[in-house]
Amino acid sequence: MITILKAAFDPWQSIVDYQQQMNRDGEYGACATFVGTMRDFNEGDQVNTMLLEYYPGMTEKYLEKTVVSAKQQWQLLDVLLIHRVGELLPNEPIVLVAAWSAHRKDAFEACRFIMEDLKSKAPFWKKECFVEPDQQAQKNRWLAKNTSGY
Amino acid sequence: MITILKAAFDPWQSIVDYQQQMNRDGEYGACATFVGTMRDFNEGDQVNTMLLEYYPGMTEKYLEKTVVSAKQQWQLLDVLLIHRVGELLPNEPIVLVAAWSAHRKDAFEACRFIMEDLKSKAPFWKKECFVEPDQQAQKNRWLAKNTSGY
Amino acid sequence: MPQADNEHSMSIKVLYFASLREQFGCNEQQLDSAGIHTVADVWRLVSSGHTFKQSVLHSVNQQYAELEAPVKAGDEVAFFPPVTGG
Amino acid sequence: MPQADNEHSMSIKVLYFASLREQFGCNEQQLDSAGIHTVADVWRLVSSGHTFKQSVLHSVNQQYAELEAPVKAGDEVAFFPPVTGG
């Protein structure tokens, strides 16, 4: 399941709930997950809030394509992908990817692939509202580029 | 933290509880986790229970060495490793690894490394109690060898 | 065929996101499709007079597309900076 | 020095796990250390008369050790099949 959320979410409870309704108890031997969380420091500045913009329509399509591609490359029982948009506070979860499979290799590699593909190509953009050291005023900046994960 | 547990545990609640007492909110941007769960089928047979044996003393030392090695190779904020021993039922969690870091590469690679090292060298042994298709009697077998994850 | 439909089908919808949206001061605009054959044609029209600090990505009908990709009336074309999600 | 301590310090503790424990019918035994210098010496003593379907791993004082690794009185030596945790 792929969800884009405008409100804060609990990634661990989301996994528990999703796993329950998957109804594949006894089938999966492996679940690999990744949770990305907003940090309160970036590039030496204290970040107070973050705005996450997306492209309604294209973003969903892109994430769907990513998950379909993962399911073609690895033997997966299910995938859960949740991505936050809108205004975020430090320590709020940004993204959750969970992949279930019979054996660990598939879950691990699919989870990593989905995150790397999402980070490098899914249409999301982050704008930070931050305060520089020894300054009072709040400033804004769009993040320039995600780092490569490999 | 490394824990060997004789009773069933909830991996997701363990993550939530551990993360809370870590007290590093805002520092971690990434958490990669793996949960291994007992399946109810293996090698074509229905598995009813599993006995997980370990080597008290050596197992803890080995896991400690694995986590130290991960912390030397990657920039990690914290690691949680829980491994179950004793008698297990299908769908019960066997192992949890969670790795927290500022950036995703460290958490992903450390989590994978810890699981692969654990699977290939940590002193644990599984004995399955199973029923063959069209048979009544329960049989036991020690698993011969873990598959390589790479 | 009603005139409104006809007019709509003659135009190309152009969207901007993130820093490009701010730089253009606009989310969305309609371009007359006359003389437009590729993404590059759209970009030439809308970007004249602007300079860009970042590389610009482009999509046609919500899929990534090359600058040489064909664009026709009724299409949705978008321009945006490198993505920073996850 | 009390006799009990002396006797203890003359012996090597040998542990078996999983299928090896079942095959030997024993968790643990004490071997006289006389004439024992390596893991291979211990293994030769305990394994005579047995055949093994699996490869056998070995440790000295709770760390993996080669067959050539030295063993002395007071050490803990263990033998076990390939591990299957996780």
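Residue numbering begins at 1 within each chain, and the chains themselves are lettered A, B, C and D in the order written.
Operating definition for what follows: contacts are C-beta pairs under 8 Å (C-beta built on N, C-alpha and C of every residue); 3 or more make two chains touch, one makes a residue touch a chain.
Not measured: the values here are computed from a predicted model.
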Please find the path from chain A to chain D through touching chains that uses the fewest steps, and give that number.
2
Quick one: chain B and chain C, Cα centre-to-centre, how many Å?
50
So what's the Cα centroid distance for chain A and chain C, whole Å?
27
Averaging C-alpha coordinates per chain, one finds the centres of chain C and chain D separated by a number of Å equal to 74
Centroid from C-alpha atoms only, then distance chain A to chain B, rounded to Å. What do you get?
24
Going by the contact rule already set, what residues in chain C reach two or more other chains?
86
Listing for chain B: what residues touch at least two other chains?
36, 104, 115, 119
Could you please write down every pair of chains that are in touch?
A-B, A-C, B-D
The residues of chain B that touch chain A in their complex are 12-13, 15-16, 25-41, 90-91, 102-105, 107-108, 111-112, 115, 119, 147, 149-150
Touching residues on chain D, where the partner in the complex is chain B
15, 17-19, 54, 59, 62-64, 78, 80-86
As the complex stands, chain A meets chain C at residues 36, 52-55, 57-58, 61, 83, 94-95, 115, 118-127, 142-146
